[in-house]
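Have a look at the structure below before the remarks.
By letter and in written order, the chains are A, B, C and D; residue numbering begins at 1 in each of them.
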Amino acid sequence: MSTVIKGGTVVTADLTYVADVLVDGGRIAAIGPDLTGDTVLDAAGCYVMPGGIDPHTHLEMPFMGTYSADDFESGTRAALAGGTTMVVDFALPSPGQGLLDALKMWDNKATRAQCDYSFHMAVTWWGEQVFDEMEEVTRRGINTFKHFMAYKGALMVNDDELFASFSRVGDLGGIAMVHAENGDVVAELSARLLAAGNTGPEAHAYSRPTQVEGEATNRAIMIADMAGVPLYVVHTSCEESHEAIRRARMQGKRVWGEPLIQHLTLDESEYFNTDWDHAARRVMSPPFRGKQHQDSLWAGLQSGSLSVVATDHCAFTTDQKRTGMGDFTKIPNGTGGLQDRMPMLWTHGVGTGRLTPNEFVAVTSTNIAKILNCYPRKGAVLVGSDADLVVWDPAATKTISAATQESAIDYNVFEGQEVTGLPRYTLTRGRVAFADGAINPDPGHGQFVARAPKGAV
Amino acid sequence: MSTVIKGGTVVTADLTYVADVLVDGGRIAAIGPDLTGDTVLDAAGCYVMPGGIDPHTHLEMPFMGTYSADDFESGTRAALAGGTTMVVDFALPSPGQGLLDALKMWDNKATRAQCDYSFHMAVTWWGEQVFDEMEEVTRRGINTFKHFMAYKGALMVNDDELFASFSRVGDLGGIAMVHAENGDVVAELSARLLAAGNTGPEAHAYSRPTQVEGEATNRAIMIADMAGVPLYVVHTSCEESHEAIRRARMQGKRVWGEPLIQHLTLDESEYFNTDWDHAARRVMSPPFRGKQHQDSLWAGLQSGSLSVVATDHCAFTTDQKRTGMGDFTKIPNGTGGLQDRMPMLWTHGVGTGRLTPNEFVAVTSTNIAKILNCYPRKGAVLVGSDADLVVWDPAATKTISAATQESAIDYNVFEGQEVTGLPRYTLTRGRVAFADGAINPDPGHGQFVARAPKGAV
Amino acid sequence: MSTVIKGGTVVTADLTYVADVLVDGGRIAAIGPDLTGDTVLDAAGCYVMPGGIDPHTHLEMPFMGTYSADDFESGTRAALAGGTTMVVDFALPSPGQGLLDALKMWDNKATRAQCDYSFHMAVTWWGEQVFDEMEEVTRRGINTFKHFMAYKGALMVNDDELFASFSRVGDLGGIAMVHAENGDVVAELSARLLAAGNTGPEAHAYSRPTQVEGEATNRAIMIADMAGVPLYVVHTSCEESHEAIRRARMQGKRVWGEPLIQHLTLDESEYFNTDWDHAARRVMSPPFRGKQHQDSLWAGLQSGSLSVVATDHCAFTTDQKRTGMGDFTKIPNGTGGLQDRMPMLWTHGVGTGRLTPNEFVAVTSTNIAKILNCYPRKGAVLVGSDADLVVWDPAATKTISAATQESAIDYNVFEGQEVTGLPRYTLTRGRVAFADGAINPDPGHGQFVARAPKGAV
Amino acid sequence: MSTVIKGGTVVTADLTYVADVLVDGGRIAAIGPDLTGDTVLDAAGCYVMPGGIDPHTHLEMPFMGTYSADDFESGTRAALAGGTTMVVDFALPSPGQGLLDALKMWDNKATRAQCDYSFHMAVTWWGEQVFDEMEEVTRRGINTFKHFMAYKGALMVNDDELFASFSRVGDLGGIAMVHAENGDVVAELSARLLAAGNTGPEAHAYSRPTQVEGEATNRAIMIADMAGVPLYVVHTSCEESHEAIRRARMQGKRVWGEPLIQHLTLDESEYFNTDWDHAARRVMSPPFRGKQHQDSLWAGLQSGSLSVVATDHCAFTTDQKRTGMGDFTKIPNGTGGLQDRMPMLWTHGVGTGRLTPNEFVAVTSTNIAKILNCYPRKGAVLVGSDADLVVWDPAATKTISAATQESAIDYNVFEGQEVTGLPRYTLTRGRVAFADGAINPDPGHGQFVARAPKGAV
């Protein structure tokens, strides 16, 4: 059963050309003129692009006795509806828990995934067991290790642990990742705000100023440099952090920054909304920033100093958010975005002339596939590549609304935004999972993507 | 008559994989395992890469009644012997000469080219005729217009002419190029040096300090920004110029910098050699710089703030150089490099770990093919692309010497340098022009490569 | 006839202490406790500071057959009413006019000055006469030479002229000054705006974007560096220009930047006022900028990368401004500010905590006195210094209004601004020229301040 | 008994003028022409300057059961012989020791000081007692609190302790100081070097790369910003640290950097000397750096982004240094410098044209007096100021040698350096302690200088 995508324009990170694309056995079988297949997908007026890869999600993430609302089933459903065909989630060991044990838990969560997925492994504590198991984790196809410089008393690791772990990652040929905020300072600022009676969601933003993120980014870069490991900075949200990344890259260091679609398009004024729910739903770390930081992030995508657009999709319902009424530090951190990343970035990036369509593909798919070392299996339109494709209609429009979204939560931080540029079809390994506005679900279709170490980045 | 390159590893700007490459009719006909063809080239132990593109040469360039010593025949022969399969030369109208008239002259020079070539058009004066003919020049496949901010009284144009021309280039969908040095300051410094009795080649370096280049780069960027045109800065030789480019890119501007292989590997101490000939042979503009500037250029290639490595190949014999004995301003400006660019960059870039093989391909071929809008016809290993290929033996070594070079001149600025990494075969549109150390010449094989405006860079 | 200022706190650029100040014979005769004199000025609750120095005024400046409305009489009257006790004006030779001839004209203008003054000499064209007369100008006590990089076809000089003049200034031990805007680009942008029908005052701002100022500043710095002369950049209005100055200073270069009080406190939104008069009255070059540029300027004053706050006082009446109705390029460039500089800076600088009182003195008086080489005769509270003093009442308030100003014009760009911090007394060489809100005029009291070359800055 | 300094030129941070200086009762009694006094010091051909202030010494510092070899007697003797009239030492509480208890110990050490002195208080651990006693420490005249970000397991404090302490210092109106190196990384790099058999003094330099200092500086700046306290960064030795300071100052933050005379004039090649003793004697933290870092530090002094030149004088004999044979981490950290700072800086700063004499005074005396809030009692030539003066002979020369030094140790890191510019007389509160090459000792003459909080910097 082959499928041919006919009449479209193939757009990859470095090419734009008219061609049909033939899909067979889950892979791209041919690219060229006048191809035929069992099923025909009409791509007239559309771009045929690599499906999006979202390298930063938290599906069914445990949180204070509950879980983030979108699991691998609904999360990947939202992804496919938005043109994203692969997600990378974080396996998060509890304090003292072994990495392999955690990995098993995340394997179990992912059984109903609708599109392919992979994992980053978090190093949330340090010890001989962690050191030892990192090798087996690498052997199982995970070459990225995440470290939290914030969330003191929970996930946070200190500088000596960072250095030890970064060195280990380097020796294994992997990439170190960081959530970069100075956890000590955040903890103290939070305590002071609470003590002063600032308990609302806006205090969350006050507790994590941009300086705190910039500092941690700068520190992680130095430690990675000393440890001899490439560094990937997740959710780069501000000029201070971007400046540190730029400065490092200018010295020839291998460092990448990942802005989120939220930080590119929403700003801190959201927290000043007097509706507690409205503000609390936008609580994430780092928080939304001022408009000058948005300008910095866009320029970074244009100049190449920032590499990847992600979502940090970690969806909590309004009910879950309300756990933090009266104490902003108890508001679950996270927002949705999986379905909206690609249309929002196209609208505000390509639609405004900031990004070319090729650059759009680069920052939503190809760059991260290369960094994660799963290119060109993913992130490419090449014969032999996985047929993770999106047929993109640049003229299609809709208004984003929670009422029509796939995500399990009851709101959407982009509610009311009009977007131009939407998927007409989304294919996951050749399977048409989204067509003409409707999902064609198949929980369990998604497979784990193993990623070998020592990618040549 | 097909040719198959067997047993190699294909290396492109973004992929590394084992495959045979089948060439037919001057194009790549197939890429994959177990291909067969009429002729077999053994690529065992080799990388199969896009042939190099040198976007900056001056072949048979008129100079004070004579011409630069390498013409399109010997220049492209040297290119092929070094793994380069396309050169882009500059059509230079004399004052008052029409662009089309100049283009015709350059067309005539190129008839004996051994590999493909294209032209940039220089805007050396300004007037209605120039304005008008730019459109026809664009129609003939030239989308890049070069401007000299130095060479006062000769090629130099002023800021108002730059602005007018840049605006015109922008309207035509082209790219503005600049030789960035402040010509007024260079002229005055030169006059002072001569007046003070500093007549030797080292005074050439004193007359063109890095500040002068940095200033002009910064100015060109501003004017391009105001005129709404992308800017390509040729022969970026120093931190000051690189800093201006970085700063512009950080603001989202479309600006590229082009370091030369000479500036990456040679330094100003060459001018202090007491042998007049030694120093004079290295006279070029900008001159070689201090070692900290080399560090800056390498970091730029690594981080992406600099995009392309070129040569500015403009070879003059020792006899021609001696025109300037007693007056450094009369020493013809230029050095060779076409045969040495790829091996020198591989040796000092890939061999030292600064660049990956993929990045080597990017900066010697793919990036410039994209910028010049001839990708993926050039700069790619894709089915349908021109079979401009180099089979690169990373283990082959030689010592660079004028005695064994293809260039017409009697010396080599890299004399005595040992390089590791050399072409085993070079193919130009499928024709094996270089094999196992020997050139297989065919003057006139080379064709003009037309490049349309409005490339999506 | 001695005067004693009793009960105040002396505030200088580097000291704050309680003392009386005794003035005799136009100079400070004693500083200390319990001084007595013929006249007593009550400084209780006040700071006793060096009088302000405004190094950038254009009084009775010729313009298209008329003159700027404030002459030395009214201009210095306004100065004294605002706590400023010295102004430095620009002698502007017409094309071809000799420097000494121009100086004579400006000497004549200044006869009715109420406070001391000095001149900068402008180099508006280049030739042997200019070169020669610069020496005599220096001998007459002028060590600062101003160059216009804008006003093409009028005052503007080109790069080779800049270099020649800068070199001459360096040889004479003087300081080069620049109005930094790229005149070629401004001229072309202006022509395009007019051609497109943008004739209103807002087009003035569009015609002189910040990039144009930044470029010229960067260029002037390079040329000064090559010529070996210190550089003073007048009316630094934006981050681009400030960045160039910072970068130069970081390399150890002797460069100073001068923000105006207007650019520190007003922004570009003024030009969008639909009242033509309102907008036109604010037309000056450089124009007002966006708020992020204000932040940059304030930070520069705090960190020391910017040195002096001036006014560029060049007042035109509404009638004069209306010359430019229908063609913004004909609107006379300039605004007032002499009376308002000190109160506005105190209010927005000291009152907000951005600047200490000592830093206020530094940027309004002492720094420029040192740069201009008239310190400690001016800019100091030292025994023997000229008794140019202001007794500053930090608690006094008023609302700025044209109705109550000394300036000859019919409006005030700060109209309606409430300021806290005003002079109680202003003394010019010991004479109390302003007391308790009223001017006590004495046209002709002011004297020329000669300033020797080779100041040790 | 009065003393008059006759015939000299007074040079302060902002003035240069010919005057006699009359000293009486330990203070400056008069400045002016033709003064007379009981004793006359001939200052013909000399500059009369504020005595130097060295804000960074470790006299009789406890170290592994012994003490640094120069105590307050010999250390201040060396200071006076070099033109320095005040030192500021660090009171270092042991872990768990109270601040007041430590202060008492340092008071006791200082009884034989020959010139005035003050203390910084180190915060080497954190707890309620420390928090509480900081107030009393402030009351006793100490407004500067030092924190070590390195020396893990000993003096180092973590980020939460830094934040808590910085906040307390801010509330008390003091200034936070940091030794900025990432202690975790230094500890790990040291362990690795030892494990790899790198036990020699050169490994000390390898264990503390510039990145490690730059990171810690950047972190301290962020924490100080969040805590709302000015920050003083001791021994700024490299571009990375300087860059962080510059960046902060550019944003209007109150941050100062202190290069040491050693880092300004010596470089890392000293550690490659094959004589173990030679290298070990130069072991200090931060270590000497490459020459490009020296350029950065000098430019910082010129542009004002760095404020103060100190010594970190902490002298150990060769015997003491040899404790670390076979294990570089056991080599006592520290070098001398008190006697050499002023002549070395004059020679390499003023003698080369990098600094004016006024700037020399600023960075050796006046700036730090202002920062530490003891200006104008110290750091000034004003009537009423302490007569801490140096009569500086700019033409005097000598060759630095351990054989002729005052310091108690048996070598000098500047051995063999020829200096031009030496004190002819040094006066400490009016007492002539050094005259014509000989010390006139008076142990115990020195007094503690109390410094109030809330200096207006």
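FYI, a residue touches a chain if its C-beta (ideal position, glycine included) is under 8 Å from a C-beta of that chain, and two chains touch if they have at least 3 such contacts.
A quick note: this is a predicted structure, and the numbers were derived from the prediction, not measured.
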{"item": "For chain A and chain B, chains touching each", "value": "none"}
{"item": "Chain C reached from chain A - shortest hop count over touching chains", "value": "2"}
{"item": "Most widely separated chain from chain A, with each centre as the mean of CA atoms", "value": "C"}
{"item": "Inter-chain centre distance, chain A versus chain D - centres from mean C-alpha coordinates, in Å", "value": "50"}
{"item": "Separation of mean Cα positions, chain D and chain B [Å, integer]", "value": "53"}
{"item": "Separation of mean Cα positions, chain D and chain C [Å, integer]", "value": "39"}
{"item": "Chain pairs in mutual contact under the definition given at the outset", "value": "A-B, A-D, B-C, C-D"}
{"item": "In the complex with chain C, residue positions of chain D that touch it", "value": "13-16, 246, 249-253, 298-300, 302-305, 354, 356-358, 366, 370, 375-376, 456-457"}
{"item": "Residues of chain D defined as touching chain A within the complex", "value": "158-160, 163-164, 182, 184-185, 187-189, 209, 211-212, 214-215, 218-219, 222-223, 225-226, 243, 247"}
